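There are two complexes below, and they share chain A, which is joined by chain B in the first and by chain C in the second.
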Partner chain A sequence: MAWRRLVLVFLVGVPLVAVLAYGFTRDPREIPSPLIGRPAPPFSIELMDGRPVSLADLRGKVVFLNFWASWCPPCRAEARDLEAAWRQHRGEDVVFLGVNIQDTETGARGFLREFDITYANGIDARNRIAIDYGVWGIPETFFIDRTGRITYKHVGALGTGTIHAKLAEAREGVASNREGKGDYRSVQ
Partner chain B sequence: MTTARSSSGLLAALALLLVLAAPALGADDDLERRMREVASGLRCPVCQNLSVAESTSELARDMRALILDQLRAGKTPEEIRAYFVSKYGPWILLSPPARGIGLLVWLLPALAAVLALGGALLALRRWARRPARAPAGADPAALEHVRALVAGEGAAGTLEPEETALVETLRELEFDHRAGKLSAGDYAELRDLYERRAAEALARAEEARRAAAAAPPPAAAAPPPSRRAWRWATVAVGLFVFGVVSGYFLTRAVRLRSDGGSITGDFLTGTPESAMPRSAAALSSRDVGTLLSAGHEAIVRQDYQTAMTAFTRVLEIDPGEPTANAYKGLLLHRGGHSERALAAFDLALTREPTLAPALWGKGLVLYEALGRPEEAVRVWQTLLALKIADEDRKHVERLVAEARAKPAKTSTPAPPR
Partner chain C sequence: MTATLGTASLGLALALAVTGLLAPLLARRWAVSLGRAVLAGQVVLVTAASGLLINALVTGDFSLKYVAHNSSLSTPLYYRVTGLWAALEGSLLLWEWMLVGFAGLVAWQHRRRDAELMPWVLGVFSAVSTFFLIVLVWAGNPFERVWPVPPDGRGLNPLLEDADMFTHPPLLYAGFVALTIPYAFAIAALITGRLDAGWTTTTRKWTLSGWLFLTLGNLFGGWWSYHVLGWGGYWAWDPVENASFLPWLPATAFLHSIQIQERRGMLKVWNLSLVIVTFALTIFGTFLTRSGVLSSVHAFASGPVGALFLGFLALVLLGSFSLVVLRADRLRSQPELDSMVSRETTFVLTNVVLAAVTFTVLLGTIFPLVAEALSGVKLSVGAPYFSRVTVPLFLALLLLMAVGPLIAWRKASLDNLRRNFLWPASLAAAVVAVLAALGLRDSWPLLAFALAAFVVFTIVLDTWRAARARRTIAGQRLPAALATLLGRNQRRYGGFVVHLGVVLIVIGVTGSMNFSEERTATVAQGESIALGRFALRFEGLRTTEQPSHARVEARFRVTNDGHDLGLLSPALKYFPTQQSPLGRAVLRMGWKDDLYVILSGLSPLREGQATVKVMVRPLIGWIWIGGLVMVLGTLLALWPLRSGRAEA
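Up next is the complex of A and B:
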């Protein structure tokens, strides 16, 4: 009788504890993106220098699309790596595009000056582009291949290694199975 | 004299203005309601446990604006939901679709409820069956003895204190029953219980007196009679129903109805939500529609301070916004700032030359405050050329007739009431 009760408790208790334990290993803020492997949502944005740019114009090039804000520490952490990668790849068929969200214009300009960023940046004041890309944590980076398809998404700070590897994949048109994750801040 | 006339005229003006502006606002309210309907089904990506409708985060605010735009563009709520799912995945839906792993969320609670009910029923049946084999506990001869003792026959002197107490209790029971203090059912139940106990006690005493080595009768504690089982069953069912009912009503009653609204709405206080002031949240919004309706509500409540704040905020965002200018003009007129009121009405009319509230208010300022009835009449005639409600038309026509009767030079045209 006693051992039967013990078995019953284990049968119910162990899966329950296992499910709870599994829950603790997961990030409740993480929102898996359905966008990888799909066509990148089209948008146009006015750059900091006043020039307009639209994603459709960049067809045929690999696009590195980075959402950021000046108040977000991981964005600061990756800023130098991003600029270094851009200087290495500029002149190739690669376009780096930064989209500033949930920020002030002074803050954004100060950030670009501080890290001496030379790739194109624009402000998405109403978060329309961010919502279109399902942004929930910044920095968030999308790699878009020549046909306008999203091949990889990374939430959180990027390092040069990942940038080079994923740019190479995007050139080949190879889409990743999973998105990457690093240190990020939730959007406001 | 002038101010008295002016303020009573203004109240009429505000009332009229609300009527004139009603159709447009009705449409806005409907749009807002549909937006909230969609937004309340979407999970806010920032705060996780709030819907997009309830969250005050910047992203949720922009999502609400996006939903409004899409509704205005003629998208259906289904299409808008599908749009958000295509961006954030099914994660964004507060109620997951009943497919795949999401099906579990829908089925598990029902399964658990069925299992729990089944278990409870089984337990109850076991309970109810127990007393059926119980009453064999007492020896019929001992019972007879007890009854005789209660009736006052037999030797009471030989009894142990425990038995005496039980017999006393039985006598009291009978007395209470006769006095009508005990129902027949309760009496029967209690009598059976005590008689059995007394009989057992007697039997035990007997055996002890005989000093026999025989094992005492299996003194299985008096099993509860079946009536008690049913009482438990009633309590259990009652608790279950209470849980279901409170679960249903609490979740319906306690939720945020609007930005900064009460979580109970009018459910507990009886105050209709429309009568409750919008909080500073609405006023700090950057959405023109939200601000305009907040200003509107403030005017209905006669909270002119808040109304002015709301319209001023609109004009900060869009200095030429006609409706806000018209309202601001009326509020300025009410405060006695006729020239500034006139300027506000003119600003409203440059953007929208046929805006009824602005035409009405401009005429009012010209007629009541500045003593220029001819100009007022001209402005009002423009208003009369528009499509307005019959009642308003009569009201304006009467004022036009009144203004025509006054000579233009009189600076205070209003007679005392």
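Up next is the complex of A and C:
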């Protein structure tokens, strides 16, 4: 009789301890983006040359959407890789779009000149787009497939390898399970 | 030098604690002597280690990593001393220091009592002490060196620079540690098989002491949160807050159900389980705060300490309950409940509800982990869950609080019920009618106020009747009769006073939860903000340089219907070591409501403007008064007024 109750003690106690132990393998501060696999929030933005562009116009193309600021060190770190990837993919059905946030216009233009950025960029002066996309630290990058669905989100600096791989996935409409992280990040 | 001496003291104390573990296996006479000797040795060594660390903090010995991280040359003396518990390693040392201190006190109190239990009681102390010393020596040594020695330390976390740093953390630790003592007695009783009433008196008193410390610790925590953290609230159901609240719940249940065991010999297994669960929850709480497995506003470092605490928790839970199960044959309760309408039943129901609160709070706290383990979903459980689930339970407790102390033992007759509850219930109904007539329509607050009134009226009626009886029998005047009553039955009337304190807290919580108003506005000099009965006129900003930070104050002239209530100056503090400024909220407390003002930002575009959040939080001050009343009631129950006589 006592042994049966003993089993009960362990049946309750062991899973409890196991769940708590499981906690060691998780990072509670890591919150996955709920946006992956969902339609990308629509927006329109005025580009640096004054042309307006809206996400709806880009339906049918794969969109590479990058949030950045000129003062952010990891943004500087990834800038050359982003431009290199753009030059490799331009002419395909891919659009690169940079969205500058939390910055001054002089700073933004200086940054584009310094890294000789040739893909489209605009300033989200009131953080409207950044808030819709839940941007918390910069840089953050979203890959959007032809149907306007977010397939991947990356927080932190990107390398060309990841860009190529995730663009290929977006082209196929394959959504990742979770967001990726660069080692190099900056908090707003 | 300090590092070597400190580590050596802790190491030596560990050796003694391990020796103490083996002591209960010796013959009883030797066991107690050895147990006492190793305990005395630990008291000396751990006190020495704590003294060394305090000295290092006060003199600024930055060759110790702990001192370099939690103190600096500009840290005021007061906060250098409190640096002892500003971070993990020091807190663990303080804990161990309190543990051996309390254990020493118990050993001295029981030098001629409970001879059979004492070897095992001392053995359990040694086991717990061994665990903490292992953690201190291997995973969180406060005497770790740093090289090269920095010229100055990092200083205390600015949020901890508050007068409550001296009260809130040590009180919580004292509560946690005091609850080790009932556990030691429970385990000793289980091992020796001496499960008669002997262990319950000591256990009850120490549980009540630990409960008092926990109550105070949580109250000071709420007060700190309210006046320092600047969000206008006092309780957020954060995992770490829950961690300090969880052991309080089964301890409260125990304080009630032990009365049934004392009186009727019932609920033995239940009471032992409550003691064990209470202790396990103190360890669980420390695990939560120190392991980093849950996200919390209390950011603590994670590391091997968490794993050690988990292992210890597993040992405590599985080991203790296995003992309970193996001793089940000796724990048969004698009588069963006689009637569904009796004091026993009410107390059992109180326990059931408290157990339900414990379970729901525990579930809500660890649910994010369970959900992620089972389905991979990340989620957080916030205040809405806890409020929705616990509010009905707390109201049920309030009802039981009114009924429990007055209803008859064994079986309450209809006459007993009518005699005790007809008037209080009618008066509570009258209170509801008045409040409704005044325009209060929400059903939850109405119910809360009604039950609160019910509790108060039952207590007043009972006390008045008893005092009147004394006046008739002994011919005393009413005040003298009341004093005699208190002296004759401290536990009962102490309990009543605690209940009145709880009622005050319920009123404060109900008022602040349901009727708060708030407004955020950006104002230029000379402009005013109106909220409720208050108006605040912005009189400008003032910047001052403090030793450790720059301080920007926004000064507001507060008026109430034209009456000047003085200046309120919420501030932002800019610390060079922090990225963003820390807010310093200000409040004006009152019986009716508190006016709470937070400076949330300064406009970079238009100089001289300030953005403030203004809140009016009704009845919140009653919470702190209620806390004070609870403490007074507990002291009334604990204080040895009648020296030399056995307690009733």
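Simple rule for what comes next: the second predicted complex is superposed on the first by the 151 of 188 C-alpha atoms of A that agree within 3 Å, B and C clash if a C-alpha of one lies under 4 Å from a C-alpha of the other, contacts with A are read in each partner's own complex, and residues count from 1 in each chain.
Here, contacts are C-beta pairs under 8 Å (C-beta built on N, C-alpha and C of every residue); 3 or more make two chains touch, one makes a residue touch a chain.
Since this is a predicted model, take the numbers as computed values, not measurements.
Trainee: Touching A:5 in the superposition: chain B (first), chain C (second), both, neither?
Mentor: A:5 sits against chain C, while chain B stays out of touch.
Trainee: In the overlaid three-chain picture, which partner chain does A:17 touch, first (chain B) or second (chain C), both, or neither?
Mentor: second
Trainee: Can you pull the chain A residues that chain B and chain C both touch?
Mentor: 28-29, 31-32
Trainee: Mind pulling up the chain A residues that touch chain B in the complex?
Mentor: Per the touch definition, chain A meets chain B at residues 28-29, 31-35, 41, 102, 126-128, 130-134, 136, 186-188.
Trainee: Provide the residue numbers of chain C that touch chain A in the complex, in ascending order.
Mentor: 287, 291-295, 306-307, 310, 313-314, 317-318, 321-322, 325-326, 328-329, 366, 368-370, 372-373, 378
Trainee: Which residues of chain B touch chain A in the complex?
Mentor: 45-46, 48, 57-59, 62-63, 65-66, 85-89, 91-92
Trainee: Once bound in the complex, which stretches of chain A touch chain C?
Mentor: 1-2, 5-6, 8-10, 13-14, 16-17, 19-24, 26, 28-32
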